Structure formats: C-alpha cells, structure tokens
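What follows is a set of structures for review.
After this come two complexes, each holding chain A, first together with chain B and then together with chain C.
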Partner chain A sequence: MSEISVKAVHAFDGLITPVGETRPAGVVVSERTELALAAVLARKRRAGDLAALVANEFGCHLPAPARRTEGRDISVVSTGPGAWLACREAGGYGFAENLAETMQGVASVTDQSDAFAVLRLTGPRVRNVLAKGIHLDLDANVFLPGHAAVTQCGHVGVSLWRLDDLAGGDAAFEIAMFRSYAESFWHWLSVSAAVYGLAVAAGG
Partner chain B sequence: MSQPFRRSSGGHIDRTQPITVSFNGKTLHGYRGDTIASMLIASGSHLAGRSFKYHRPRGILSHGSDEPNALLSVDWRPEKGEGRRDPNNRASVVEARSGLKTATQNHWPSLETDIGAVNDLLSPVFVAGFYYKTFMWPRKFWDKVYEPFIRKAAGLGDAPEVPDADRYANRHAHADILVVGAGPAGLSAALAASEDGSKRVILADEGFKLGGALLNDVTSEIDGKPAAVWVEEMVAQLDARENVIVLPRTTVFGYYNHNHIAMVERVADHRDNAPDGLARERLWQVRASKVIIAAGSHERPLVFENNDRPGIMLAESARAFINRYAVLPGKSLVVATCGASAYRTALDAKAAGMDVKIVDIRLGEDCGPELAEARSAGIDVLTGHTVVKALGTKRVTGVVVAPLGNDGSVGTRRTLTCDCVAMSGGWTPSVHLFSQSRGKLAFDASLDAFLPGQSAQEEVSAGACHGIYDLSEIIADGYKAGGSDTSVSATATFTGFQPVRVLPTDADPKKVKAFIDFQNDVTAKDIKLAVREGFESIEHVKRYTTTGMATDQGKTSNMNALGLVAGLLDRPLPAIGTTTFRPPYTPVTFGALVGPSREDRFEPVRTTAIDPWAVANGAEFEPVGQWRRAHYFPKAGEDMHAAVARECKAVRTSVGIFDASTLGKIEVVGPDAAEFMNRIYTNAWAKLKVGGCRYGLMLGENGFVMDDGVVARLAEDRFHVTTTTGGAPRVFQHMEDYLQTEWPDLDVFITSITEQWAAIAVQGPNARKVVEPFVSDIDMSEGAFPHMAVREGFICGVPTRLFRVSFTGETGFEVNVPVDYAEAVWKTLYEEGRKYDITPYGTETMHVLRCEMGFIIVGQETDGTATPDDVGLSGLVSKKKPDFVGMRSLARPDMLLPDRKQLVGILAKDPNEVLEEGAQVVEDPSLPVPVPMIGHVTSSYFSSNCGRSIAMAMIKGGRARIDQTVWVTTPKGFTEATISTSVFHTVQGEKVDA
Partner chain C sequence: MLLIRCPHCGNRPEIEFHCGGEAHIARPETPSEMTDQHWAEFLYYRTNPKGMHAERWQHRHGCGRWFNALRDTVTDKFAATYEMGSPRPDLAATPAPARTA
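Our next item is the complex of A and B:
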C-alpha cells in the first residue's frame, strides 16, 4: 500500500458558503468530511450475535429501528430492518475493511464513506429550515437526541439523526444524502435557510 | 364623493388608511380592511362580471369565498413587471391594497357592452348538454370550426401567458390539533384545545381578519360583551399562547389520508411593501393528530326569474357589507327569504338607514320571533309571498311579488321597487373538508342539510358546519370539540328556514331564466331538461348540465340543484345523494403547489465528482435519469457532429477518457451470493473465478430483457454488479424484492455502491500506457491481467477496483476509485494522457463506439418486449441452470415465433444519410396504406471510423433478411436501406469479446 498522492475533493467543496445575515446566523452548517461510513447488514439469524459483538467491541447497543447509538470511537445509525450505518470519525478507508473482519460471519459490511455526504446542521432556527423539506415531526419533545430517520428532504433521499444539543442549547442534526445530490441539496438548503442566515462552521 | 355608499362610521375598516385600486382602468376608493367587492359597492356599482355562457351582467352575490360571479383578473404588483397576474380571484375576498390592478372577465369589448350577451337571446341553443347536441355535424367542422369555438368559449378567465415571476414557499408542520376556521366555533375550539399548554394547536382561517360571521354582527352579545370585543379577546388570548400558531389568510384546501392537511397561506399579496424575495404564498402540509372543522356554512340563493341581476345578493352578505365593510348595497332593499336569519339583515339595514321591505314565503304563523321584531322596527313584511321575478338588467330595479294561496296558487302580482335585494334560501353546512376526509354524510331533514355523519379519520366538526346555528350553541359546540364544557350566554340567533327549491311562479317555466348555478349559468329549466332526458344520477346531472362545477364548486348552488332533482324524480333528497367533494376547496395557484421545484430545479439533479471538470472543459450535457452527464466535448467551432467524429476517431487510434460514474453499482455479498446471481441472471456464475468479470443479462419475470452489465467477482462471497445508469434503482429493487419475498432462505445482502465508487473509463490502444504508471499492487501484464478481469489495488495511492473491460471494442480499463478522489485521479490520468493526445468523450461517442461493435443498450435496442434471442444474446441464456428469473416465460410459444423482431444492422443506401431513430421499416412502400411495418430503427449514427452512417434495427425475422433491401421512413417519405449484421467495425490488434 502506497501513500495517497492526490487530493480529496469533498461533496460540498465549492458549494458550502454563508448565505444571508450571519451575525448571528439562524443556522450553522459544516460538512463531516472525515466521517468514515460503512453499511452493516446482519446475516440471517445472526442479529443477536451482531448485537453482542457490537456491545463487546464498541460498548454500545445496536440501535433499534429509527435510533442511533454511540459507542467507543463509533456511532451506529439504524437505516432499515437489519441494516445500520456505522460511522467513525477519521476512520479512513480502513474502517469498513476492519469492521468487515471484526464482523466476519455475522454481518456483511460495505464501505460507504464516499457514497454519502454528511452535513451537521445546528443553530436556533435549524428546525424551521428542516420543516421546509422534511415532513417528519422534529419537535424537540418528539424527535429526541438519539432518534434517526430515513426520509426525504426537498425530494432528496436522506438519513437524518439528532445529536445531543449544543452547550448553548441549540439542537444539532446530521443529515446524510447520496453524494451526487450534494449540489441539489445545497441549493435547497441555501434557499431555505437564507431568511434565517446560514453560517459555515469548520468541517471535520 | 368617490364612495357615495360608504357609511360614515363603523365597520372593520381603517379610515385612517385610504387606498385606491384600479378596476377596469377606473379608480376605486376605499380603506384598509376592504375587499374589491366592498370598494365596488362603496362606489355605488354592483356590476362585477359577465356570466360564463349567456354573458349576462352579474353582480356580487356573496361576501366570501363561495362567490360565483365576481371573478377578477388581478395583477398583484403591476409595478414589478409581467408575471404577477392571475385570473379568477373572487372580488369578495381579495384584500384590497393600493396598487392592485384588477379587471373583470368574460366580456368583449367591455364589461358594460358585451357582444357575447347575444348568447342570452340565443339561449335555446345553449341548453343543458348543448356541447353534445350542437357540435355533432358535420364531421369536417370538428377540428376546424367547433373545437376553436369551444376552446375560445370554454374556461373562466385567461390563463397567464408568461411564467410566474413570484417565489413560493412551502413547509411541513405537525399539530396535536388543527382548527379550521376562526369563527365563534373555531376560536372557542382553539382556546379550549390549547388551554393547558400541552398540545400544539394550529388555527387557520381563509380570511384576513379572524372572527368569521361575528365580523358581520353588530347586535349580538356574548357574556355581556359585543361580539367584536369577544373576538378580539379570544384572538389576543390565542396569540399570547406559545403552543398556538394562528394563521389568518390561510385556506385549508385539501384533507387527505392520515390527517394530512394541505393549506395555502397568502404571505405577500396584501403587503404594501413586500421585500424582494419574499414568497408570495406558502404551502403548508400539516399532519394533525386531530382536526376540528369549524368551516361554517353557505347561504343558498333563492331561485326565481332573473335572480342573477346585479344588486341581488345573499342576505348574510348584505349584512356583511353593511356592518363589516360599512358600505350600503343600495338605498332601497327588498329582503326575500324563506327563513329567519335574513330578518337580521333587514333589521341591520334599517338601522343603517336603508329603506327595507321583507318578502317571506313562509306564512306568518310559521315564523319565529323575528317577524314581530321586524314589524316593531317598522319594516313592512309580506308573509306568504313569492318572488315572481326581478326587474332591471345591469342593476335590479324592483321585484315582482305575489301572495301564495293555500293551494299553492300565485295571486295578484305587485311590484316592489328597490335597488338591491337580499335573498336567503336557507343554509348549507360546509361539509367539504369532512367529505374530503372520506367521512360519510347524513341527511338531516329538519335542517334540510347533509351533516357530518360517520367519521373516517380523527376529526370533529363544530358550529355551523355541524348544523348548529344558534350563537351560544355554536360556541359551546366549539368548546366541546376542543375538550371543554365551557358555555356562554349569547344573544339568541334567528334560526330556521322553510326549504324551497324554485320559488312558485305563474310564469311559463319554459320561458324563465331562474338560476341555480350562477357560475355555470345553469337554470332550473336546464336541470329539468336533464332529468326529462333521462339523467337521474346526480353525478350525471352535474356533468350534463355543468351545475356545481368550476371555481366555486357549487358551494351556493348544490343543495338547490339536489332538491330540484329530488323533487322532479319524486324521491327523498338523501336518495339522490351528493356529488363528490374534491380538493381544492377554493382554487390554488400552481405556484404554491410547485413551490421551488420549477425550471431547472424541477427535480434534483445528480452530478458526478468529475462534473466540475467537465463543466470547466466545455462539455455539453444531457440528462440521463436524474443524472447530468457530459454529452460531448466540443472544441472551438465544432458542432456536435464534428466533436463526436473527432472523439470516436481518438478512441480507436489512441486513447479516450470517459466518466462512467453514473453506471449503477451494487455489491452483492453473502455466503449464497453466487446462487443468488445464478437465479437473477440468465447466465451461470458459479464457475466465475475470483478476479474474473462476466457480462450479465437480466430478465423480468416475463422473460424480456430488463437490464445488463458487467459483473466482477471480488471474493467467493462478494460480487460487484454494474447496471445501466437509468436502470440502477429498478435493478436494486428487483433484487431486494426477490430476496425478501421469493428467496428469504438465501443469506445474501445487497448494497448500492453507485455513489461510493466513481468509474473512469480509459479506452483505446494507448489506454494501458496511461493507467499503468499510477497503479500499485496490481500486476498489469497482459497475462496476469487479461480482458474481463478485475483487480483490487491502488492508483495514485487510492484504493481502486480496476476493471479490464471494454464497451468500445478497444483495450479498456475502468478505474473505480472512491468518489472523493475521482476528480484528482481523473486529472492525473488526463495529464499523463496528454502524451498520447488523450481525448475526453461523452455519452454520444460512447453510444457510437458501442454501436460500431454491435453492443446493445438496454432500453434503446430493447423496449421491454425483447427476449435475449431477439437481440442475438441467446448464448447468454444458460441451458443447464434449473431456474432463473424469466426462464419459464422464455418457453412460451409466442416467444419462439420465427417472425419475432430480431436485432440486425441496417445501412442506408446513401452512406451519408443518417436514418432516424424510431423510423419505421417496410418492405415495399408502394403497397396501399396501411403499409405493413416489419420493424423500426433503434440506434443510428454517423460513424467516422466506418466512414459512413450505421444503424441497428429490430426487424421481424431480421436475421433471415440479411442483405435484403428495405425502405425506411424519413420526414419526407422513404429511403432505401439494406439489412446487415450488427457488427460494423473490426478492431485491429487486441481481441476483445465483451
């Protein structure tokens, strides 16, 4: 294996830019460029083993449908029956490979690190913006931290999950879409958030 | 004085804010709080339009969204240029603002003088069903005479001719309780529902001022307070609650499944200084746990001769104009009624200084306390009287009335002069939304109305739409719907009416125009004719006569029509039933429905990681599904033909580079992966070695070609499947469907990896030289890495799945890399390729090159009815496998017929002529029409490599027709061509057999 000699271009490079009045901004966005992702599909009749393995290896529950859990150096989002998206910060292309080895025989693992573009959206008006594209009830008392959904946003298929609120109390969501939709999604987001002001935070 | 009929005080208008509006080029004066209708009445005029069929002058019938006549074209921001005008706005609900430019509709040359009024004299021609009767013969008139005539006459208003210049917003919302309507019931319901703060409540009302009918009420008191004060206090309480969203100017127009409610909010039209970029309207899609419908009721007109003359309006509407808008509908008013509520109008009109008489069809002993109250106020009341007809043309000048005998006979006529008439035929609860929710209506004979019966969803109706008309009961019903048993004391309401379908008359009913449906110009005699001609179902009567159609959907007219039909058929009214209530409740702009999804944002566009490079390098693009793909890369001065010819040559002589990232890619993983592939594809997979590739053909259950693509085996239990660009979602679903429903025993999992891996195709004799320098961990030698093989390693240090495949016939590699690095790897290969004059090419060149080799494109050569054998791929159908999807269908007798269309080449006699794709092929064009068709052209190009045009076609029994001369249709006639084999180009050097 040799060193990567070329430069990565992330999904929102060249797109992500502040919109409207940003002092203060109603919404703050950043791209999660370093998040490694892997689709995890439980093998037949091995879901229990997979849950045990995840608990042992990563110290977290395998999330129930429409939920997300966090473990040691990993988070896991439910994306469908027997299907999860495993995420690791700065996991690189080795993440899926290692996970496949760890889960050998109990789950099928496929690298999706570049397949999804992931944005983190926070700010006092984040729910107002999401309400323009997502038909789910994202009320603070309904869609709690640790809740997740596979849905549509402005005609683009997305996975969505809520993180713990920021220190200041603002809600935080992450939203993942197939990368080829980034340009269209950005158009939707920038138009929808313009009235509240959209600021860009450092990625990561 | 510009507002001679404006009262000096009162009303919900702001006299400190005078406004002017353009109306047919003239200036109307009024105040904030007015509608166009109230401003027109303030000016002393009622003339607000011409009727649809007979072009009769029409006035203002109502004060609400049920207005059928006064439809206006409104240019909302004429100062901002074109694209802000829309038709069919109801003058009675357009919130007036200085700067609006309004115009009446359906007349020429002017509202006052309309040539079309001759239709009124020709009315025997325009009877019910005249479309079906009048435009039958002669046949040759159909498209040249009748159709243009009907098209010109049909439809209300003129559709805008330029794109809508406004922006429209949309949003979703969730509520525990959505209250529709902010009249006394709705306000009470919303207050009760939001009381403890635990529920999210949305209150929406179509009007610009909340309060509903209480805005028209200057006499009622609620708990000792004037009604208007009570409304203000209720609204203030609701506004103060954080759990309540109050939405005026918001029409609930659709009630769908799962309490999914659609409503449109007018955001900008009423604002004096709407900032640029502010959305004009906002579409709300609400999911509510419970819906409280407090939509009120519609007053019915009375049906008598010339009941459509301007100056004749609904009684409650007259009250609204007098009290809410502080305008008098005239000086001398006749109230014609069959019920009690209109007496309140008479009393208020009298109090406002009008000269008032009441004509009541009821006998004195059938009336309630309203009669005595009217008489004690000094109003002349003629009980037991009918209205025979109205006098006047562009404005009512009087009504002819007559006493009714005990036997129903019509007595001596007398004329009451007046300049306005307030009529009331009783009340119809607004059950539109309840019906849209699929709830079942129940007929209440005592109220002569259909009321909400059995619910289909979690909703409840309250107030007048629930058949409750007394104010204190309405408020109690609202509180109850909101979950409270609060009651109030309120002034008693005059309620009750004696239903009458058509007022008794001694005139010849055949010569009388007494309108049931004002908007569609449907008269009582039209309904009678329809019934006489055998139409009994109310749905048929509706379509035959058009009653209840168009923008008002018969809100005022339906019950009169139903009652008349029931009477004619001598059946009880509930046996007739109602027509279906459909969304929208009132017209909705397309802009609001479409929102931001318009023009190039009509649907999302998918772009590849290499798209920015293609843009920077001058590519022309084409849409393929949602993808935007580079079509070709013209150099300066090149047209598409020249660019494609150059690109094609380059690939065959040196090397080309192509973005194949949009191809569908699916990873099939699991212990039973090979078995799954065996069942999904026609060919065999068990023996494909790890590192090998194979072209796969996939059929639907019907045995027809569904998709194709190269499949690589990465491991014993892991396949990397490619599909066509457009077919990827379909194939994924097909696989998932079989896994979940047919073969749940298979331990196989599929994941789309289309978006994970970008694919860069490097094709041509020099392809290896371009790729090889950057590859590590892969033995690139011919022996170690043959054609139709896959290797995993690195390129530029990036993980790659490197395919040795070719869709061009030349040596080729498809470099799959994770998408983040695709652009960088592409640029690296492109720079290296400059040594060999590397040429980027697009989808058009890809198509030409594969056609030169005779490779099919699924969806181009195939049309969903082609078997593998039809397209010459029977060799890919395993004879040994026990089963695969589509296998049984291939054995059906008609799949084996010799005259099935088969894929062949077809060469125009003139080598420079490019046949048209889709062109029909015949054996002999001199045969009489219809000439038997033997097939069609599927692909056709000019091939620079072949030095001539080439084409493929599906031809009946085509493989037996090689060298046969045929004729192909062209835009001008036929051209001669020869059937050939479908391989047009032989690649020198390296042999490929993709």
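Our next item is the complex of A and C:
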C-alpha cells in the first residue's frame, strides 16, 4: 500500500505572481492565508442577544448592514440580514469551534476558513483596478474604512471590505471569494491590473 | 447603471438583482376544490400592466434576500422597494415617477 501524504495548499498557490511593470507597482496583492473565518447566523429573535454578547466578549458592535467592525482579536463583516463573517488573525481551526461555544444558543457558527480565499489589495491604483470589476461606488469618500459589501467582481461573487489606509496613504481592501473561484478571480485580477503593474507581497 | 434599493443593503447596481415575476400572488389554500380554470389563472394569468407593477426581486449576488418592488414598466423606474410580507405601498402616498413623453 502506498503512503498518502497530505500537503496544505493555499488557494492562490501557483497563481499569485507579479504582472507587468512593478517598479513601482500600481497594485500590491497578498493572500491572507492565516485569516480564520467563520459564518455567524443569528438564531431567530436572538440578534439583540448576539449584539450584546459580541459587545461583551469582543468589545465591538455587531456591524450594521454593509459595515465591518473590529474588536479584541476579531473582526466582523456584515454579509446580509442576520448574517456575519467573523475573522481572526491566525485563528486556526479552533476559531470557529471557540466562537460556536461562545455563541451557543444565540447564533449558528460554521467554519469557513477553507471555504473562502481572501486577498488583500493595496497600492495607488487599487481603485482603478476594482472599478473594472465591481459596480459599486468605491470612491474614497463614499466607501469608507469600515464599509463592506457582498457583490460581484469580474462576475465572481465576493465579499469586500475596506481597511484603514496604509501609512503611505494608499487605500487597502480585502476581498473574499469562494476558494474554487481563485483561478477565475486571478485571471480577472492579473489582466485588469497588468497595465498598472501588479506586485505580490508576502502573505499571511 | 440602474440602481435598485435593496431593503437590506441600500442602493446597489442592477446586475446584482434577479426579477422573480409578479408579486402578491398567494397560493390558493384548497387547490383540490378549484376548477381547472381558476387553477390555471393562479398558475399562469398575470396582469402585465403598462405602468406601475408590483414585482418580486431577489438581491441574488448580494444578501440573497427576496423583496418586493413597485416598478414602472414604461420607464423602468423603481417607485418603491419593500420587504416580503409587507403590503403593497399606497402609490398616492408614494408619488409616481415622472413619465417622459
């Protein structure tokens, strides 16, 4: 009997590579390989209790529709009525389990860490690239840090949120898609960003 | 780009949405007691008005929720969107969109 070896593969392994002129690059991409994700769905008539629990446990508001909030060791993105995506840096497989325990009876929690691929996009031309695939107004004064949206990007369903600007002033977005769409999304991104230069930063 | 106001997400581009036909058509509670004609009317007969029309829409590529909308079939303007289960808004209270000649 042959030995079976299992190797962890990130969604963008073998895809993510610099495109075009990258000195300087207009857009910088990195894969968020260490971000643990969990879907949180409020139980019937328990949304108020869930909000209180999140405030108590993590010190942040449960975000309103189309918003994202950050708390202690967690960030929460609104993905629809009564639905959220909770994220923890380097949360591992324990994240969803712990969250389910914390939210027992108040919300249903499902691990999504391997279901979504998440990219971070920054750089001076990041909005020019996103404008080619996303039909939302992402103007700096309209789509603010802490805003989020579930929409389509290059015909791929995505969750998108804006982070605080980088120290240099560039806007930063994170974009999550179903993992199996990584190749399609990469095709869209690499072609759309080629004209500005797409650099790859270390993931994590 | 036509913007449609999802009752949950706010204004979003048209391509995120999917139309599900006429709204406020309740399934008869006793289908077995109906005549074929009345059953056919429930299944297939639609009002198809020229003007304001109540329709079901789904924010398919956003929050995924269904909602109702009042849309003018002549101008393609949305007069109102409202959650599933709420009654059709009174159009006298909601001014109809202006028609262009």
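The criterion applied here is as follows: the second predicted complex is superposed on the first by the 198 of 204 C-alpha atoms of A that agree within 3 Å, B and C clash if a C-alpha of one lies under 4 Å from a C-alpha of the other, contacts with A are read in each partner's own complex, and residues count from 1 in each chain.
Just so it is clear, contacts are C-beta pairs under 8 Å (C-beta built on N, C-alpha and C of every residue); 3 or more make two chains touch, one makes a residue touch a chain.
The shown structure was predicted, so the numbers you read here are calculated from the model rather than taken from an experiment.
Trainee: Taking the superposition on A as described, I'd like to know which of chain B and chain C A:172 touches: first, second, both or neither.
Mentor: neither
Trainee: Chain B or chain C: which reaches more residues on chain A?
Mentor: Of chain B and chain C, the partner in contact with more residues of chain A is B.
Trainee: Considering only touches as defined above, state whether A:15 meets chain B (first), chain C (second), both or neither.
Mentor: Neither: A:15 stays clear of chain B and chain C.
Trainee: Give one of first, second, both or neither to describe whether A:152 is in contact with chain B, with chain C, with both, or with none.
Mentor: In the superposition, A:152 contacts chain C only.
Trainee: Between chain B and chain C, whom does A:51 touch in the aligned arrangement: first, second, both, or neither?
Mentor: neither
Trainee: Once the structures are superposed on A, label A:65 by its partner contacts, choosing first (chain B), second (chain C), both or neither.
Mentor: second
Trainee: Considering only the touch criterion stated at the top, classify A:180 as touching first (chain B), second (chain C), both, or neither.
Mentor: It touches chain B, and chain C stays clear.
Trainee: Pick one for A:135: touches chain B only (first), chain C only (second), both, or neither.
Mentor: both
Trainee: Both chain B and chain C contact which residues of chain A?
Mentor: In chain A, positions 135-136 sit in both the chain B and chain C interfaces.
Trainee: Which bits of chain A are touching chain B when the two form their complex?
Mentor: Where chain A meets chain B, its residues are 1-11, 14, 39, 41, 43-44, 93, 108, 110-116, 131-132, 134-137, 139, 142, 154-156, 178-185, 187-188, 191, 194.
Trainee: Under the definition above, what is the set of chain A residues touching chain C in their complex?
Mentor: Going by the criterion above, the answer is residues 65-66, 79-81, 83, 135-136, 149-152, 157.
Trainee: Name, in rising order, each residue of chain C that touches chain A in their complex.
Mentor: Against chain A, chain C makes touches at 1, 8-10, 12-13, 15-16, 61-65.
Trainee: Which bits of chain B are touching chain A when the two form their complex?
Mentor: The contact residues of chain B facing chain A are 169-174, 200, 277, 285, 287, 596-597, 601, 603-609, 612, 627, 667, 669-671, 747, 749, 751-757, 776-777, 794, 796-799, 818-825, 827-828.
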